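Here come two complexes built around subunit A, the first alongside subunit B, the second alongside subunit C.
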Partner chain A sequence: MSYKQDKTEPFWWGLFSAGGVVAAMLIPVLIYFVGLAEPLGLVGAEVSGYEAMSKLLSHPLVKVVFFVVAVLPLYHAAHRIRFMLHEFGVRKLILPIHYFCYGGAIVGTGLAAYILFYLF
Partner chain B sequence: MSQSYETYKPKLSPTWWLKSRNYFLFMMRELSSVFIAAFVILFLYQLFALAEGKEAYAACRDELTTPGFVVFYAVAFVFALYHTITWLGVMGRVQVVRMGAFTVPPKLVTAGAFVGFFFVSAVVGYIFLYVL
Partner chain C sequence: MSDKTIGIRVTRFRPEQEDAPTEQVYEVPYQEDWVVLDALNYIKDHIDGTLSYRWSCRMGVCGSCGMMVNGEPKLTCAAFLKDYYPNELVVQPLAHFPIIRDLVVDIDDFMDKLKAVQPWIIREEEKPVAEGEYLQSPAELKEFKQFSQCINCLLCYAACPVYGLEDVFVGPAALALSYRYNLDSRDEGYAQRTVVAASSEGIWECTFIGECSVVCPKDVDPAAAIQRTKVETTTNWFKSFLMPWGNK
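Up next is the complex of A and B:
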């Protein structure tokens, strides 16, 4: 029996791995400051307020960091969702799932680039 | 003479991962990525609102600070921390650091990764709390 080798897999795996590192390092603290700290009353509303966030986004380096933080975890998730469906017993539709997962991440990349580098 | 055999296909129950603690934790680790991706999409939405202007951003903040979203953020935070622990926890085994003939002890590499995590978190916290 011959196996067809997927030559693109190392590329996707590389993005998965990079996304894993970025998510591990930055996502918890970001969820805390963006989503939790203010509604729980742990910091004032000004911390994630319009002025503070606008000031933050005015720095080009922050835009690049936010782009990386937003985009790479999408590829990380795409890879894991793809295999998670397989682990749940979905053995058909392998190719459509592949395209759906990575396609979604590519759309997300475009959106992030549009928001961070065009709108700002 | 060629003979064809039926391929053995093991049957997998959809709940196999509930049958052992380790399987369950493995699935939770995989699931963490879904919450992280959902957070990232909400974050992009928030940045989009920010670009739209002050009123749009205020409306977005009002929406994202409703109890439903706060519960989501809390759950996502726990999953994100679990991802951090599982991802950085195996760093020593995944990334062997060699300096000439000397191999850095894997435990030290793992510890270094966690020190890096706390350092990065502290820097981000400092920026949010004191610089802005």
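Up next is the complex of A and C:
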């Protein structure tokens, strides 16, 4: 039998893997702050209010961190969805699925870059 | 012998007389110290000599008595009746492999894949015997020892949902053995094995479900071997991209 050599696979898996680490380690903290602590009033507006957040985001290093946190999990999701569809028996349209999943992540990357580095 | 008995529901498939596998229930004496293989041997010796199954060492070394016991891949020489008594026990051939007869499956597919990863020490140039052995330190042995415990029992293939869906997948045991030889300080066959191990049918088919490591009777942990191979391949990929002048 012949074995296909797909040279792009390590690249996508690398992003998937990095996205998994970010999603597991950092997203819960963000969910806690934005989804729980702030609405429940556990932290004041001086910590997580709009003014405080936009001031925080004005620092370029913070922008980079937020960019990484927002973007890498997109590639994690893209890779997972691609494999999940495959395991659910979707064996046709392999190339369109690739374009849809990774393309979506790339569009998300552009959007995050636009918002973080252009709008702010 | 005690008066207690236990029902064993066994898959039967006799291709000369039936088109599809059927089941047959045997009532076997229950002994607390019996394993499932003892029960099968009792059936073979005392009830029905036509029952076919593979076994040899009956002590977890040969890897030939792997079957599905109540739906789980087990070495039948290590699955005790007392863990299932008084309920009826279901014994089926290993999942994901074609059945040849009763509990005997066709493992040719695995044998081809095992050979493909070249699970032996590869040298670019063999040194003459007169120059002595290839020495290895205890630390170098420790690197790969865990992955060399594989007995090719194929429980990991029966447990792997990916192999069930995609029979082209090289699979847990073969990939773990590929990794084991790559880790060996005496080996120089990395490039040859990578063509198979890091192909689309190799590590990239694996979605890290981890059942292979759960069912492994020798604690080989094929899932870890595959994940580490992924990390290694990815690191090499980025290195070759960032430092094209490097070797890998």
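Keep this in mind: the second predicted complex is superposed on the first by the 108 of 120 C-alpha atoms of A that agree within 3 Å, B and C clash if a C-alpha of one lies under 4 Å from a C-alpha of the other, contacts with A are read in each partner's own complex, and residues count from 1 in each chain.
In this text, a contact is a pair of C-beta atoms (placed from the backbone, for glycine too) under 8 Å apart; a residue touches a chain by one contact, two chains touch by 3 or more.
What you are looking at is a predicted structure, and each value in this text was computed from that prediction instead of being measured.
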**Q.** Room on subunit A for both subunit B and subunit C (clash or fit)
**A.** fit
Q. So, A:13: does it touch subunit B (first), subunit C (second), both, or neither?
A. second
Q) Who does A:5 touch here: subunit B (first), subunit C (second), both, or neither? A) second
Q | First, second, both or neither for A:48, with subunit B first and subunit C second | A | first
Q.
Quick one: is A:31 in contact with subunit B, with subunit C, with both, or with neither? Answer first, second, both or neither.
A. first
(Q) Between subunit C and subunit B, which one touches more residues of subunit A when both complexes sit on the common chain A? (A) B
(Q) Looking at A:83 after the superposition, I want to know if it touches subunit B, subunit C, both of them or none. Which is it: first, second, both, neither? (A) both
Q.
Between subunit B and subunit C, whom does A:74 touch in the aligned arrangement: first, second, both, or neither?
A. first
Q: After the superposition, pull out the minimum Cα separation from subunit B to subunit C in whole angstrom, please.
A: 5
Q) Which subunit A residues come up in both lists, the one for subunit B and the one for subunit C? A) 83, 87, 89
Q. Considering the complex alone, what residue numbers of subunit A touch subunit C?
A. 1, 3-7, 9-11, 13-14, 17, 83, 87, 89
**Q.** Interfacial residue positions of subunit C with respect to subunit A in the complex
**A.** 112, 116, 161-162, 165, 168, 195-196, 198-202, 204, 207, 230-231, 233-234, 236-238
Q | Residues of subunit B touching subunit A in the complex | A | 12-14, 17, 27, 30-31, 33-34, 36-37, 39-44, 46-48, 50-52, 54, 57-58, 61, 64-65, 69-70, 72-74, 76-77, 80-81, 83-84, 87-88, 116-117, 120-121, 124-125, 127-129, 132
Q | subunit B partner contacts - residues on subunit A that touch it in the complex | A | 20-21, 23-36, 38-40, 43, 47-50, 52-57, 66, 69-70, 73-74, 76-81, 83-84, 87-89, 108, 111-112, 115-116, 119-120
